[in-house]
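Both complexes below contain chain A, partnered by chain B and then by chain C.
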Partner chain A sequence: MQKKKSRPDHRVYYWMILPAIFIYAALYLYPAISNLRYSLTRWDGIGTPKFVGLHNFTNMLTNDDLFFKVLGNNVRFSLLVVTLQTAFALFFAIFLVKNTRTTIFLRTLYFFPTILSSVSVAMIWLFLYDPNFGAINVGLKKFGLNSFALNWLGSENSALYAIAFTQIWFHTGQMMVIYIAGLQQIPLELYEAAEVDGASKWQQFKSVTWPMALPTTAVVIAYTTIQSFRAFDLVYAMTQGGPNNSSSILATLIYLTAFNEFRLGYAAAQSILMVITIVILTLVQRRVIRTKYGV
Partner chain B sequence: MKTKRIASFGALRLGVISTLALALVITPLGVGMAASTPSFGKSCPTEGTSTGTSSKSLQCTKNSSGKLTWVYVRLGSSTLSPVPALSAPDGTIEFWHWRAEDKIVLQSIIDKFEAANPGTYINQVIMPSGDYTNTAYAKIRTNPKAAIFATFRGSQFAQFAKGDMMTDLNSQRYTKRNVVANGLVAGQYGGKQLGIPYQYLFNNPVYNTAIFAKEKWALPTNLTTLLSWCKTAKAAGYTPLAWSGGFRPNAGQILNSMLMNSAPDYATLQNRIEAIDTGSADLTSPWFTDMANKYKKMADAGCFPENATGVTDAAALNLFATGKAAVLPTGSFSMGAVKAINPDMSGKMNLFSLITTDDKPQYVGIHNNTFILSVNKNATRTNQKIANAFISYLVTGSIAGIYANATSQHVNVLDVNYTNVDLLNTSAWQAKKTLLAPRFLWLNQGVRDLVEDALIAIVGGKPVDATLADFSKQIKQKLSA
Partner chain C sequence: MYKVLRTLALTTFAIAIVIPTAIVALGSFKSDVEVYSKPLALPTNWSFRNYNRLISDGGIFTNFKNSVIVTSFSVVLTLILASMAAFAISRMTNVTGRVLFGLFALGLAIPGQVNIIPIYLLFQRLHLTNSLLGLVLINIATTLPISIFILTSFFRELPKEMFEVSAIDGAGPFQIYRSIALPLSRPAMGATSIFLFVISWNDLLYPLLLVTQSDKKTLPLALLDYRGEYATSFSMIFTAVMVASIPMVVMYLFMQRSFIAGLTAGAVKG
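This part shows the complex of A and B:
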């Protein structure tokens, strides 16, 4: 007689993931749902939230120039940071992909800013950008480039770009490390074959490195986009969004709306639109990369 | 009966004569004692000079015949002497505040308090000022141990008061007898004394007395002389006002002085600010436009640094501390930071009257009362008692003196012996006609930020009318949301 094989009790697995689900629900799901609920209210953080339906959203889309100004800032900031940070990270990674003493030293050097706190980075760059005594303007004036010595953080035309440059300096090393990990996975045979075929360095990059690094690029771009939307600390420590909100990004706007003006309901609605913007941008990026490069 | 009447008349006569005799002896003695006030010499040479903030402070004032004499200045709301600190029950409480720079001196005071009250313990919980309003509010509200906490005047105090988190301290004896009465206003809300404003600050610009003496400059006394002085100072190679246009919290300090003589009286000023705060008036109103035009005139006269809108707080402080700027337009609270950069500045600073009218000024300066100490309504009864005892301890003259001299801040407490030379030099300002900082009358922080941003933009070179119209629109949109 054949012994009946006992079936494993799968229910135990559900019990095992329960703590993780609980933590996720408590720390992510509940706040997200609460945020959705508060976005439909007018609330100063003290009294009882007053239900206002979709008023916060309609007001933001029809009667809030500041929101669109800041959204525009954020998109420009993200495009600049994503493009330049990715390009620089790839550039450095290509040159530092081999493991030699010099490259390891340089990798450490380029990665170094990443381990600094964002406030420290902000302080360093505040000093460098000082329009009257900062090293950048002093240096430019020394070489007779007075017209390039700008009021970097004090002008509406340059503040956002100055912070974007700081952000790029701050995080390029981190992305470079991700790229190096990706580039080291590319089989050396492909380069050897290309060399045998007489491909130049540029052709090797175009036909081997770039296509093979695309999956890593997709990760770097997605991560950098999200990072650029979350660059709150740098913006807040350097300009608090000024002058005249010219360097404000959505994260600083939401913070100030919630905790400076105590309009928590409105800030909740702003944060929902911020999430929607990030999702749209990330989907567009993914679609472009997929259709163009098949990754 | 008759004999008795005669005898009682005699006794009365004797009593009157004795009283007169005693008065004749005591009066010169008292006058002599007052005249021999140790710090200020026998005669008072300068009108307005004060012996400080004692419960029996003297001030140098002209009498009816025009002669300078010392007279008593009553700074407390009671004529009675200050009371000693209350004793505290056993227990442990938390003291929440944002002043990390005061941690050491406050800890030394707490140590003394704990030694005087064995079994009582106070732990400081210090949060960064940027996070204080939002984070501390939520945490203190639900923490029965957070029995004592500080708030700053204006939107933050109003926010905490609206949350019904503070007990009424009006009935406490120390409130009336230990605290400078003028300064209590900042801790009042809805007819209650919800906090004791501990610091007595002057949001007046600070000037370098050595530079003024060296250059033989007279202090400007009105708008015309101010603009002319700016040109002179700039021509001499100084930055007239080390104004940090890149850091709104300090850039906005000058707004106090710009507002102080801009309205016929305080009530009108309050109404006008409230109207902008609630959206019933625009920045384009003639009153505000006139004030904004004064910013423009000052910018055109070279009062502000080069690239003013990009000057950070640290850069402005350095300009002043290193003698490159003559005036630091922030307040007395910056003197400690200036001395930390350049200890040689000790004794070379005084307060500058930034008068921006050519009419007779109503006020010569600004004061503010902040670091408002409150007892948490949600704390347990015992913890509230400890908090109350600790506040009573902080407002005794000797303890407040420790805090004041260590932090280079005047305090809103009577009978403080200021030993810090800069505090001594400026303590006379407590008896001058100064206005409670009007900048904090804006209770909507978002609106105030926009108001200050508009003025920063004007200093940065933007046209006045267009800028005010643009920012008025932003305020309207903010308030309609």
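This part shows the complex of A and C:
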């Protein structure tokens, strides 16, 4: 009886999945696969693609300083954002974990940048970073710190870090909310016991909060890493990767290689290496978190 | 000591968010001279000059309309397709169900950004560049995996008895989906729709990739143009930022909790 019933049901289920699978396969999976094919060609986007085998990859890995510069930028950008943003998010979550009127208000305020578009955020920070009349330099000069008033986005030494700082401003609130949800799961008795033992706030953090929040930390770090690789919108709107590619990350490099230099095959190969980078990073992270903390 | 540190840290971050917001909001009512000389002061006389100029310069209404069309169709269609698929996947007991779920989960592992070249070429061949339909389709395709992921885990948590009772009453799977699963899933659907809404409204990458015609541009893409056009006029750029952000900010003010829940669900499950 049970078996007979489930068969026709399944036929209906297939029909219900069909529209989703069709769009997903045609516009997501199929492009992902044809990306592999394009990565083996040389192509300016107009003529016919010329098959060059693995030449794009060997060239990139042996003979392309720009690719490694940008890969390095991306790693520095991701490391900085992941470390600082996770630290800030945890820090503020600890301060705002209790539900009071003030903490709920501050949570709402801190979360606010998350709902803005990257382009809007970029425009705001383009003004703040402006070397002459931007709020940051005007403020620094007011305090007599003229030597700290840099050309934040216009200098090769600072552009990438300036964007990383904006990214942190943009998304710390979101990660903080995830942490708060995690911290609220920690049984209060643990803190009470620690207090009875005379543990300081710092000791309570070390022996209760940090170990108990590790699963949340794993989620936050994984998400922030992916998010930092996806920072295309912010970088493109703020500097387009400049000056001299000093703030370029992989996503902007791929876009510019394809649509400014019209080297579509090469850009496809770059994007394959970007996927590999992300997969390796994710696996390494998982392994480190698992072996070190047993999460 | 702890209290001092806490107050200091909380105030600093609050200021770091309030000041830039105030600069933009106030700046849109000021002249450039005022924006540069006293960015934080109230405007000496509140004027809608910038807004009028932005409107009379053309485009912004069209961009706004495009954003509304693309976002609403993307969100509604994704929700329909994803909830049907997620319901079916959560009810399927055989291997195919798991395989299909894995196939969508694959989409979570590959960020859509790495596929911009084949997507551009495919959409060009299908005549879907410079088209709002094209933007809707790419939004659906890229957000289906995460939506199906969130909704499937929700449907799996619903008590099976509810469905079985209706099945005994002779209701087919589609009827059960429509009259039982959908109404029950309102919170999950709400969270997902806010998540999708924010992604679609704020997206730059796909419009940049697929649209060059100015009458098909959405707000974020148009905002980039304004940056070029009003390069030295931050009061105008701020005005454009205000127009692009106000719908989202108003919704956030009225539905803070749902926004935070929705965007966090997307992050955790993703």
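FYI, the second predicted complex is superposed on the first by the 269 of 295 C-alpha atoms of A that agree within 3 Å, B and C clash if a C-alpha of one lies under 4 Å from a C-alpha of the other, contacts with A are read in each partner's own complex, and residues count from 1 in each chain.
In this section, contacts are C-beta pairs under 8 Å (C-beta built on N, C-alpha and C of every residue); 3 or more make two chains touch, one makes a residue touch a chain.
Computed from a prediction, not measured in an experiment: that's the story for all the values here.
Peer 1: Looking at the superposed three-chain arrangement on chain A, would you call chain B and chain C a clash or a fit?
Peer 2: Clash - chain B and chain C, as placed by superposing on chain A, overlap.
Peer 1: If you count the residues of chain A that each partner touches, which comes out higher, chain B or chain C?
Peer 2: C
Peer 1: Report for A:Phe133: first if it touches chain B alone, second if chain C alone, otherwise both or neither.
Peer 2: In the superposition, A:Phe133 contacts both chain B and chain C.
Peer 1: Is A:Leu66 touching the first partner chain B, the second partner chain C, both, or neither of them?
Peer 2: first
Peer 1: Considering only the touch criterion stated at the top, classify A:Ala164 as touching first (chain B), second (chain C), both, or neither.
Peer 2: Neither partner.
Peer 1: Just chain B (first), just chain C (second), both, or neither: which does A:Phe232 touch?
Peer 2: Touch status of A:Phe232: second partner only.
Peer 1: Touch test for A:Phe92: chain B only (first), chain C only (second), both, or neither?
Peer 2: A:Phe92 contacts chain C only, not chain B.
Peer 1: In the overlaid three-chain picture, which partner chain does A:Ala258 touch, first (chain B) or second (chain C), both, or neither?
Peer 2: A:Ala258 contacts both chain B and chain C.
Peer 1: Which parts of chain A are in contact with chain B and also with chain C?
Peer 2: In chain A, positions 45, 126-127, 130, 133, 236, 258-259 sit in both the chain B and chain C interfaces.
Peer 1: Would you mind writing out the residues of chain C in touch with chain A in their complex?
Peer 2: 2, 6, 9-10, 13-14, 16-21, 23-24, 36-37, 39-40, 81-82, 84-85, 87-89, 91-94, 96-97, 100, 103-104, 106-107, 109-122, 137-138, 140-142, 144-145, 148, 167, 172-174, 177, 198, 201-205, 208-209, 219-221, 223-224, 227, 234, 237-238, 240-241, 244-245, 248-249, 252, 256, 259-260, 263-264, 267-268, 270
Peer 1: In their shared complex, at which residues does chain B touch chain A?
Peer 2: Contact set of chain B toward chain A: 130, 133-134, 137-138, 159, 162-163, 245-246, 248, 305-312, 314-315, 318, 444-446, 449, 453, 456-457, 460, 473-474, 477-478, 480-481.
Peer 1: List the residues on chain A that touch chain C in their complex, please.
Peer 2: Contact set of chain A toward chain C: 5-6, 9-10, 12-14, 16-17, 19-21, 23-24, 26-32, 34-35, 38, 45, 88, 91-92, 95-96, 106-120, 123-128, 130, 133, 135, 138, 169, 172, 174-175, 177-178, 181, 201, 219, 223, 226, 229-230, 232-233, 236-237, 251, 254-255, 258-259, 264, 267-268, 271-272, 274-275, 278-279.
Peer 1: Could you please specify the touching residues of chain A with respect to chain B in the complex?
Peer 2: 44-46, 56, 59-60, 63-66, 126-127, 129-133, 151-155, 236, 239-240, 242-245, 256-263, 266
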